[in-house]
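Working notes, structure below.
Letters A, B, C and D name the chains as they come in the text, with residue numbers starting at 1 for each one.
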Amino acid sequence: MKEILLNPQLWSATLAMATPLALPALGGTFSERSGVVNIAMEGIMLIAAFFAVLFAHLTGSAWLGLLGAIVVGMIVAVIFAWAAVTLTADQVILGMAINIFASGFTAYLLNTIFGFSGTPTDTPMLPNINIPVIKNIPFIGQILSGNSVIVYLMIILIFASNYFLFHTNLGLRIRAVGENPEAAETAGINVIKLRYLGVALSGLFSAIGGAYLSIGLLNSFSTDMSSGRGYIALAAMIFGKWTPFGSFGAALLFGFATALSMQLQNSAMSKNIIMMLPYILTVLALVGVGGKSVSPAADGVPYTPKK
Amino acid sequence: GCTSKTKQQSSQPNSTGQASKNKNFKVGLVTDVGGINDHSFNQLAYQGIEKAKNELGVTVNFIQSKQQTDYVTNLTQFAQQKYNLVIAVGYLMKDAVEQVSKEFPDTKFLIIDSDITDRPNVASATFKTEQCGYLVGVMAGLMEKEKNAKLNDQNVVGVIGGMQIPPVDSYIAGFQQGVKAVNPDTKVLVSYTGNFNDPASGKQMALTQISQGADIVFGVAGQAGDGVINAAKEKNIYAIGVDADQNYMAPDTVMTSALKKVDTATFDTIKSVLDNNFKSGLVYFDLANDGVGYAKPIKDVPQSIVDKVDEYAKQIKDGTIKVSDQVQK
Amino acid sequence: MSALLEVNNITKMFPKVRANDGVNLVVEEGEIHAILGENGAGKSTLMNIIYGLYRPDSGELKFNGEVLNLSGPHEAIEKGIGMVHQHFMLIPVLTVAENIVLGAEPGGISYNKKKANELIREISRNYHLEIDPDAKVKDLSVGLQQRVEILKAFYRHAKLLILDEPTAMLTPQETEELFGIMRNLKNQGISIIFISHKLDEVKEISDKVTVMRRGKTVGTLNTKETNEQELANLMVGREVVLRLEKSEYNPGDVVLSVKDLTVSDEQNIEKVKNVSFDIRSGEIFGLAGIDGNGQTELIEALMGLRPIKSGVIKYNNNNIEKLPTRERYKLGISYIPQDRQQEGLIMKFSVADNLILKEYKNSQYSKNGVIQYKRVFENASKKVEEFDIRPTDYNLLAGNLSGGNQQKIILAREVGSNPKLLIAVQPTRGMDVGAIEYIHKRLLQLRDEGSAILLVSLELEEIMSLSDRIGVIHNGVIMDILDGKSATREKIGLLMAGSQIEAKKVEV
Amino acid sequence: MNKILKSIYMPILAVIIAIIIGSIIMLVTGFNPLAAYASLFIGAFGTLPNIANTLANAVPLIITGLGVAIAFNAGLFNIGAEGQYWIGAIVATWIGYSFKGLPWYIHIPFALIGAMVAAGLWGGIVPGFAKAYTGAHEVITTMMMSYVAIYFSHYLLEFGPMMEKGSVPQSPLIKDSAIIPTILRNTQLSYGIFIAIAAALFVYWLMYKTVWGYEMRAVGFNQRASKYAGMNVPLNIVLSLSLSGIFAGLAGAVQILGVQHRLYDSFTSGYGYTAIVVALLAKNNPIGVVFSALLFAALGTGSQYMQLNAQVPGQLADVITGLIIFFVAADKIIEVLKSMFKKQKKEELAS
């Protein structure tokens, strides 16, 4: 066991597997704090993952790939917001619809644009970053340095999100809208606009998460490669009590359990039992930590402004 | 040369009676839920029927199943529409093929990776992938004794499966035996990603094995295997591809690939039905009939090793070496 | 004086209701203008129109002589209109300061907590409205929450302040404080629209009164030239009995006996300390006290909704402190909880379903686990008629009824089952005089039929006019139990404030 | 009356909008939308066998959808019906093949009930108790337990205790006595459809006519008021999550006994997730669940047929399905379009 814990790969895998959960969990935090349940994050990740590769391939720049993914992801998010906020449709149904759409749409585009052998192998990847001093520290350096640029971006975004949500006026307004939209409106706040903002941010973060999968960790797209991370991110966000640090913590826990199950594969235990580890650990942690997760009071409830 | 000739033939339907006759010959393909992009047998089967369309002028069509309950329905649709040959991809369709083939005795069926023997109108293509797994294992075992920039001095190789299912495990079993045959001290790490569609976890799994000393990793995990190759490339070690020649994905990294020629199997079966010598029951695809094999290694692999591998291939073909398809725990 | 606000011929339709039907109103600069009207008369609707929350179907608003075309509250706020809503527009998980400055925060991008707190302290000093800016709103008593609402309006420098039933949940002392503030504002030239169902308050504080009935303004009177009876009659459209006729006090056996009861809250702080009292059949025992002095904990303990720390609760001489809530109901106890929407009703259940919320398991309404809907509907149509619940369609969801009618559902359920003991908490909160008259009549009727009633109210007037005996609670302790006839407003007030000695002096 | 009419024509118009957008996509990508939709429809309802297959596909969706709807009615989001489905399928399979010589009228109910009990415990014990007593959010627990169930099935089948002797990871076939017979030859429609319909009627009765349903719904709408009314709130939470699991498990069992006859090793059935949409689209009304399940089943069978006969790739079928669900949910778009249309007309009149 000690050997496993001292293997830096355990910890860098933890970080690598936590990143594509933490990003959408962060996005979901914004969306749900503004009162919109966004299950479509799974689909947005997938679509973004595809367009990241497409744009990176077309432009020859991974950065433009990331940018393209973000733009497309936010467009999908805004379409979702339009139906969920303006048309007050059921948010969960819409989310599921977008996920089905995304799965088919990306697979279809993959075939028609790139054919069956998959996305081009010369697709550029986002760079890994070596941090000057830290990289020379043994063990720590192997974990904290040399990760994808998105990992560092994520860490910055977590702090930025926390600041934005809890220490700015706009953040205060977003939270107010998710708690009691009527009260927010009577305080002169435009509820609809802020909900669009919350959802758009969830699109932004999910898109970065999707791009991380396709051009951060890899340089290819394959069908359904988000493989349920959007849903698990939802769980991480709830576990984290709708806060950026909490979401990150829950994502780390899940990433750690996944990384651990990878390390344990060489033990005699059934591989399938080992692969239950992240899920069982999450439930145990949740029950152990206890404490109710109280969602924003107006989460998931469409709001119609008075007329 | 041969290809261009047949192409010409099919593009001129009136030139011979053969082509127009073939045009009325209909082949239907039902994929399993993995779909046509699985970078694995569904895709290869599809390539096989496309080849038949281009070279033999037959009419082809395919359905991607969305869920397991679609199998019977989809097979039935083809049979009802009087398709001459219906191809079912994957052992999961065994029950469905058994059921539908009984209802439509005039339709011929081919099922990939299964073992239906008691139907006159069903052929089961079984691939001895333990044999090609063995050969790439031999190659890996021998490479471990080499010294070059990509190889470390630990004697460890790794194999990463998708799920613990026979078409995956036969590769892994062969690989294990092949490595041990030439290098008994080599440690063979075996892991599973638990799915075929998550390259991110494939990559982390490979990185984990690399951190445990592996410098050659063999991915048998469909799309998740893409991540294995990516990890190998990033860490500057070797990868081994699976099913098709995956060298194009990372030319300096993928030292060879274990081949499972599902495309050949489907093409040949279509041809056999056309030529009226369809054989029902188990049809083995192995080294002997070139149904499995390994892709041309990159130049990092010394010719001496390639020769050694070919020697083993010969011994498998002539039965001197028997390869088991059971994974060693 | 010149007109600050002019409402001309405003009409507002809701699906099925004409909530405002050609309303006219003029509010002068620096006047306190009261609006009176039954539940559902259209008062709140009119205020919401003035505040820009609703768009009128026709008619015109003028503010400072300028026609207002409001597209939302933010514009009304800009013009200088402030409103304290009837139902709190607060965000419980945010702090007081955050609630107050929300939408008009000081400073740039970042939330400037220091500045916000400073500003709020300053306003609360100016208007004598003490409040801790860092407290979470959900931890505040209703009275303090009301204070936050008012501060919200002050913070935005309102020239016209709308107060929609601000006193419905205040103690008499708090009400007096509020009136002080209102007078102060008036002196500064600020106009106030004041809505209340309490005629004495209207009489005390306002300069003019406009009465509304069924969406129309019936008339505007100078407060000085009218009296409570006239206002009541105008508003209801018939003669209203303001003074209740109460029959002789004729107590029977002890029904509820509480001995040395101690109860803690979630933070394990003792909220009820060694409380003892008895209630007899045929008597109304009033529990007076300022909100937050342990009433909630006491009642919840009596109902089995909260564990007790020590003490004895006896009902008809049997210990019941260990019984689960449902068992207590089965023994013939009824309960009208404080918050009708959160505690008393399932808003998304129909009226009929709500009417059996405590009895659905009884053989009367269910057989072998199957609810006998025929009987449920029979019961519903009977109760709807008897208690005058409107509209009469018992298949409507409770949430679609007005607050007053929602209260009547609870009343029908709890009083209609002829309980031996009724615990009624604030049974008339926010109701109009007509409705209050009715509820009071029913409570007295129940008493005369031999039930015991524990009446908890923040309104002294209500306690004094109904109770045979009055217990005053302060800081979890029953300060004294007074005789209903001889108790004076002054004395109860002093006890409520915790001053036993002063109270004794008054007695002498 | 007007309301009922509106509740029908709004979704229909919404579907039409989805169809138009789908047509545009198909035209752009070079397919014939007319042929595609015709075959979508024929595939779903065109022939007797196709209707039967649509019904057959609806069966697991109806029953799982009921399970999800029960939880929603109690104010709980059971996102893990998928796992409960698997537990039901596992237990039904095990009972189906390991007991010999039982008459069908014992064997089938035995398998169904066994599956329901196991899945009920799966949904009730961990997520139910965790929610009721520690406040652990059911979205997390049910989702995680769902993955555990799926890996458990892999464990059982992949060289585990339930794998059939031989080489393929699948369970043995269930005994004939456990098979729910097929109604129509060459289709997958079994008498399970009657179980589904009976389940819908039962759940309707349970939720709207019995004291248990009354309590669960009350707790779902307002826990505080329910507590004040003397109800046992934690018990009802456990009960409704168990019941939700029971139906998801029943769905798994009926699918095994009626259609698959053995357990296959596969990553998901997808029913648990689709069931969420089925339930929500039906506004959690048990009878409505039957119809929304039929819509999804029809889209499923129809889109398979569409691949075959209009050569529309399967992925594009998913795109169309996603669009249809999207617009059915967002059916207010009709009102938006209507008002836009009116405005334009007014402007035309004015000019």
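We take it that contacts are C-beta pairs under 8 Å (C-beta built on N, C-alpha and C of every residue); 3 or more make two chains touch, one makes a residue touch a chain.
Molecules present, by chain and UniProt name: A, D = Simple sugar transport system permease protein; C = Simple sugar transport system ATP-binding protein.
Keep in mind the model is a prediction, meaning the values are calculated, not measured.
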Chain whose average C-alpha position is farthest from chain C's own: B
Two chains joined by the most C-beta pairs in contact, as defined above: A-D
Averaged-CA centre spacing for the pair chain C and chain A, given as whole angstrom: 46
Rounded Å distance, chain B centre to chain D centre (Cα mean): 35
Separation of mean Cα positions, chain C and chain B [Å, integer]: 76
Residues of chain D whose C-beta touches two or more other chains: 151, 154, 158, 313-315, 318
Two or more partner chains touched - positions in chain C: none
Multi-partner residues of chain B (at least 2 other chains): 35-36, 164, 194-195
Listing of all chain pairs that touch each other, if any do: A-B, A-C, A-D, B-D, C-D
Of chain C, residues touching chain A in the complex: 48, 51, 53-55, 72-74, 77, 83, 85, 88-94, 98, 102-105, 107-111, 152
Chain D to chain A touching residues, read off their complex: 29, 79, 126, 130, 134-137, 139-141, 143-145, 147-148, 151-152, 154-155, 158, 160, 273-274, 276-277, 280-281, 313-319, 321-323, 325-326, 328-333, 336
Chain D partner contacts - residues on chain B that touch it in the complex: 28, 33, 35-36, 61-70, 72-74, 76-78, 81, 91-92, 94-95, 103, 114-115, 163-166, 194-195, 325
Residues of chain A touching chain B in the complex: 7-10, 12-13, 16-17, 20, 107, 110-111, 116-118, 121, 213, 217-220, 222-225, 227, 258-259, 262-263, 265-266, 268, 271-272, 275
In the complex with chain D, residue positions of chain A that touch it: 83, 87-90, 92-94, 96-105, 107-108, 111-112, 231-232, 234-235, 238-239, 270, 272-273, 275-276, 278-280, 282-283, 286-287, 290-293
